[in-house]
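Here's a structure for you.
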Amino acid sequence: MSGGTQAGAGVTDVLVVAPHPDDDVIGCGGSIAKHVRDGARVTVVIVIGRERSALDDAVTDEEFAAETEAAAKALGVHRCIRFDEPSRDFALSRRVHLDLVRVLREVRPQVVYLPHDNDDDVEHRMVHQLTVEALWMARSEFFQEAGGPPLPAPRLVLGYEVWAPMARFQYAEDIGGQIETKVEAMRAYVSQLRHAAWDEGVRGLARYRGAVSSGSGYAEVFQVLSLTAPPPPAAAGGGGRD
Amino acid sequence: MSGGTQAGAGVTDVLVVAPHPDDDVIGCGGSIAKHVRDGARVTVVIVIGRERSALDDAVTDEEFAAETEAAAKALGVHRCIRFDEPSRDFALSRRVHLDLVRVLREVRPQVVYLPHDNDDDVEHRMVHQLTVEALWMARSEFFQEAGGPPLPAPRLVLGYEVWAPMARFQYAEDIGGQIETKVEAMRAYVSQLRHAAWDEGVRGLARYRGAVSSGSGYAEVFQVLSLTAPPPPAAAGGGGRD
Amino acid sequence: MSGGTQAGAGVTDVLVVAPHPDDDVIGCGGSIAKHVRDGARVTVVIVIGRERSALDDAVTDEEFAAETEAAAKALGVHRCIRFDEPSRDFALSRRVHLDLVRVLREVRPQVVYLPHDNDDDVEHRMVHQLTVEALWMARSEFFQEAGGPPLPAPRLVLGYEVWAPMARFQYAEDIGGQIETKVEAMRAYVSQLRHAAWDEGVRGLARYRGAVSSGSGYAEVFQVLSLTAPPPPAAAGGGGRD
Amino acid sequence: MSGGTQAGAGVTDVLVVAPHPDDDVIGCGGSIAKHVRDGARVTVVIVIGRERSALDDAVTDEEFAAETEAAAKALGVHRCIRFDEPSRDFALSRRVHLDLVRVLREVRPQVVYLPHDNDDDVEHRMVHQLTVEALWMARSEFFQEAGGPPLPAPRLVLGYEVWAPMARFQYAEDIGGQIETKVEAMRAYVSQLRHAAWDEGVRGLARYRGAVSSGSGYAEVFQVLSLTAPPPPAAAGGGGRD
Amino acid sequence: MSGGTQAGAGVTDVLVVAPHPDDDVIGCGGSIAKHVRDGARVTVVIVIGRERSALDDAVTDEEFAAETEAAAKALGVHRCIRFDEPSRDFALSRRVHLDLVRVLREVRPQVVYLPHDNDDDVEHRMVHQLTVEALWMARSEFFQEAGGPPLPAPRLVLGYEVWAPMARFQYAEDIGGQIETKVEAMRAYVSQLRHAAWDEGVRGLARYRGAVSSGSGYAEVFQVLSLTAPPPPAAAGGGGRD
Amino acid sequence: MSGGTQAGAGVTDVLVVAPHPDDDVIGCGGSIAKHVRDGARVTVVIVIGRERSALDDAVTDEEFAAETEAAAKALGVHRCIRFDEPSRDFALSRRVHLDLVRVLREVRPQVVYLPHDNDDDVEHRMVHQLTVEALWMARSEFFQEAGGPPLPAPRLVLGYEVWAPMARFQYAEDIGGQIETKVEAMRAYVSQLRHAAWDEGVRGLARYRGAVSSGSGYAEVFQVLSLTAPPPPAAAGGGGRD
């Protein structure tokens, strides 16, 4: 009923870069589900591994991995890639940049999601920086060791909010039809919910964002980091594009 | 069950400065109700009058005033003062500063609430500026035309969020026991809810703020603009200290 | 040859808000010409009148008006509206907001251009503030004295650069095919060029922006202030849109 | 005569995190002395070791350590912990975070001091970041390798100024009764004073801050980074207020 | 003994723009005295008049004017011009801009002082804005109603600190030889000192700035707002300049 | 014909710190040529080595080094020092700080150029930070392992623009007489120009900056990071300086 996403038209591939497991759900889980509904393949990269000292006995690595998988499945994520960088020892090396360049050139997304530039967690800000830089690298002719031909500029690069909401946003996605899916995905993180009621937290934020952005319903809001020109309508119907 | 507000102990008077009707409810309605529960008198100043062209036929001035009254009553507000400054012609004159100085010196609040310094509405930012300046003026020995002796420094001056959530906050108030009162006060603005579901919006934001600040429940979060020393325990209970 | 503008597909109406005559040419003259080429009607609002003390004898009001007209004609502007607010006595009143709301509701643009939020001239920043506020007002159901039904959210709202280039931009328009038209429009301001070589200045900035944004050619770059969802492809080919 | 510190009532433990030796004295030496006077134990953590190339012959490590000890003694510091991280090779590793979490869980402070978020030295800003992160970690149930049960939220977290004074502050501490102690502690750093007259510098800044914040005397001013609710009066101990 | 001011070489005229009486002394009183010592004429413009409600009975207008005069005399100010704009009703009109343009074109200063761009008083920030704009206007060929030929670009435009010290500064003036004169000028404001010990406050800040900027002594620090090329040494000794 | 640079008078040595080869040409190539014309020795430090994966086959290391040399020669650079830090693995260690301190103490520049503090490339911002820190270190009595006596404060420290133009600048250098030399130096980077037309890009930016700063011609604009007092005119004519 409500319109498709901005990139809904002709979008085949979407990439979401998440600092930690569940940041993708909190930040843009509703938009992921909407892209999937519209027929796109959504790939999620989780940069940093599980917090190593998170009550190790209580939850095994297998159980935790199963939670991530269940959340991804709930949203309809096509593929989930884990870099397993060390939590709180994470550094922005050439290697991790190239790892992300490789993924970008493989997935060739038209839409990219990453944490916004002022989130209230230092690892979120580092992953913002990493992704912005990797996007530049992936589009250049250099860095051939990461394989693949240069990435065409994604149509839209969006910053999402997790720990710090944005004072200003430039794009709002109506997720009225996806809010229950988003909450369900959040609930797949059973071990996390013991510590914080993020399932109700994400529903709450989406409700507030709905009221602020359109007067009702549920929404996810984003910082527009980059927008490029879609083909003109004639070309769109005809074939090739620049 | 949950603790009192920071200033709950020994607070007798609270002042809330709102740019427009209902900003007090959205920004700190739960905290107002909590102050009232703890025995404080809460005074609300609404600086700017009703939007003059808000579908004038649909709601009469009397109906609109009745809504404001009903909201104040729901929260337990002691007194509601309207300055009726003209919407979108509002300017920061000496006169309006003195009007607010007069109220500050009469109410002599220990806690003051105002919009935070980066809210996403120009009139909210003007009322922030007005209140910060009026607090300085009220505390000085000058401006005797506003009457009253100088105001002692309030114990706590807090900035609340309405249109733009804060990227960082310094104080969170648990409003788990007041959330339904807050939503009810919001619903008193029947004519406003036709345009935006602020009743559900405020509940949603409080839920997100609860999850972020303490892992669960409902919260209102604030920018700490000024904090001064509370009375020494001697005063509090008998003994001497510095 | 090069692709159309972002909003090129299906855009029928564009509004450019300029603080002073020639800011529209400097900030987005190439994009205006591109919209015109793509079949859109472009309306320009010039908020502030001619600097009253600009060497009054040297250029008559008629000569100056003729220059503005010639520049608009060079770009293919459909209609140029002058508010003639007083230079350096300009204030953000309710009246001037309603004047702009009226234009917005008449033109009903899909794309809006205004100065970016940090331009290095106080009147440019005031016109930024005015336009953001007027966009909100025009979209609401209130302010019926400005006439017209509420404005649908424009597809794209873009901030342009004049006196201060932007440290970061989110959208770049290739104006390789329009640069000569832009320079020609600039040269229509004969009396201005006596004081500053803006004709060569705009060509220079466009060249730098071309090198930075795509490696060559000429570009205008923009701050993305608001983006809303375009119709899904089916709708695009079929007819109606949200 | 003058009031106690904000956290003076019922404060038993205070933690000061200093990037280098003497930053604690410059930033909050007067407040430290006041806490000590009020009966609190003050622990100081010095994160980074002595500048290795500071004219090594002139002052031995023993002499330098003796200076630090003398300064701490002058203020009445309970315990001084040195992490001895390498100067100008300092990095924010997981290890150093856990080291600080361990101290936080042992000391269990009600008040924490750290450099403000915009001090004009990169290592000061890194220690700000480290402390904010360690506070979050110490309060969580994770990171059991750092020992101890989770830290209750400190009542007050304050940012102090050393190299860059703050444009805005939210809390001022009257140190009229402690200024001589602060200057004396500063003078214990005999080898430092050869290079800069910080003893007179800190007296000067305190005098300016006194004039600005209360019209006279001496003050230290702070950024309020976090404030939490004290126990309600009943819980506090039976009668009076916190 | 210590070197001259930056603009000491060949400076004949200096203009200081002060929001209120005494801001010139607090912000750059030492530098004023140093310019005077070096043979320059210093003109002070005080934009806003005496606070109208400042305990009117205690100090007459004549007494207050005498204080301002005494302070100016202590520093060696050549001429003090009062605009007497209304306090807290001050607005940035075309008229007040032209008033300042007129002074700029008469005085033709090589060095200009004004409040820095982030001082903690709204009228200070307005006077910053006013002066930056008036400098632009004075240098243009327009605004002939303000008289005089266009102003050559001043060699140096500096922002001084009063209510909010600067986080970063770009220029420090050694005022070791002028600090007593500065304090004496401050003490001329007898009626002001009853309310705040600014005489000791300015000495304190200068001492801190001395320690931070050069390790000892007294200094005033400044934001560099504009710097233009001084004459090459040959020209400096010989005569003309570009 | 046009005046000398700000530091033209009596400047014997200039240091330019460039993150990568060609940043010196883009950021301040015209000013370098002007210093050389005025008789100064200009030393360039290039901190980060050649991008290792830049189409390695197409251009050999020798060919690339030859390009850098040709560019330096075109500008008249006295000496070019390469640190060859690893691209995208660059970290701010003590070692690299000391390397730059050593150069600073050897060259003893009166004028220093570095990237401005907000350039749009993370390595540019790191080199800004590195240089600011190394300047402080070089001026102190410590760090004797870097050799040399302490550096006197440079007369002028300027931030230049490459990837992100500055919103505000404080100093503009007229490079009308050097623009062709700058473009020629840029063209020496034959292998770079295959990817982006930086030769025309730098000409364009200089043209825009000329129009904005003086109404015509070509200019480079700078952030003033530090300015210190030159000797008074007598001393200037006489001989020694501090």
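In order of appearance the chains are A, B, C, D, E and F, and numbering begins at 1 in each one.
Keep in mind that, in the parts below, a contact is a pair of C-beta atoms (placed from the backbone, for glycine too) under 8 Å apart; a residue touches a chain by one contact, two chains touch by 3 or more.
Since we're looking at a predicted model, the values are computed, not measured.
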Chains touching both chain B and chain D, listed by label: A, E
Of all other chains, the one whose Cα centre sits farthest from chain B: F
Copy pair chain D, chain F: interface residue numbering same or different (half cut): different
Chain whose average C-alpha position is farthest from chain A's own: E
Chain pair showing more contacts of the two, A-D and E-F: E-F
Centroid distance [mean C-alpha coordinates] between chain F and chain B, Å: 52
Centre distance in Å when chain A and chain B are each reduced to the mean of their C-alpha atoms: 37
Intercentroid distance (Cα basis), chain C paired with chain A, Å: 33
Shared interface positions of chain E, touching two or more other chains: 195
Chain-level touch network, classified as line, ring, star, complete or other: other
Touching pairs - complete list by chain label: A-B, A-C, A-D, A-F, B-C, B-D, B-E, C-E, C-F, D-E, D-F, E-F
List of chain D residues in touch with chain A within their complex: 92-94, 97, 129, 133, 140-145
Interface residues, chain D side, partner chain B - complex: 1-6, 8-10, 34, 37-38, 170-172, 224-233, 235-237, 239-242
Contacting residues of chain E [partner chain D, same complex]: 118, 120, 163-168, 195-198, 200-212, 215-217
Residues of chain A that touch chain D when the two form their complex: 51, 53-55, 86-89, 122, 195
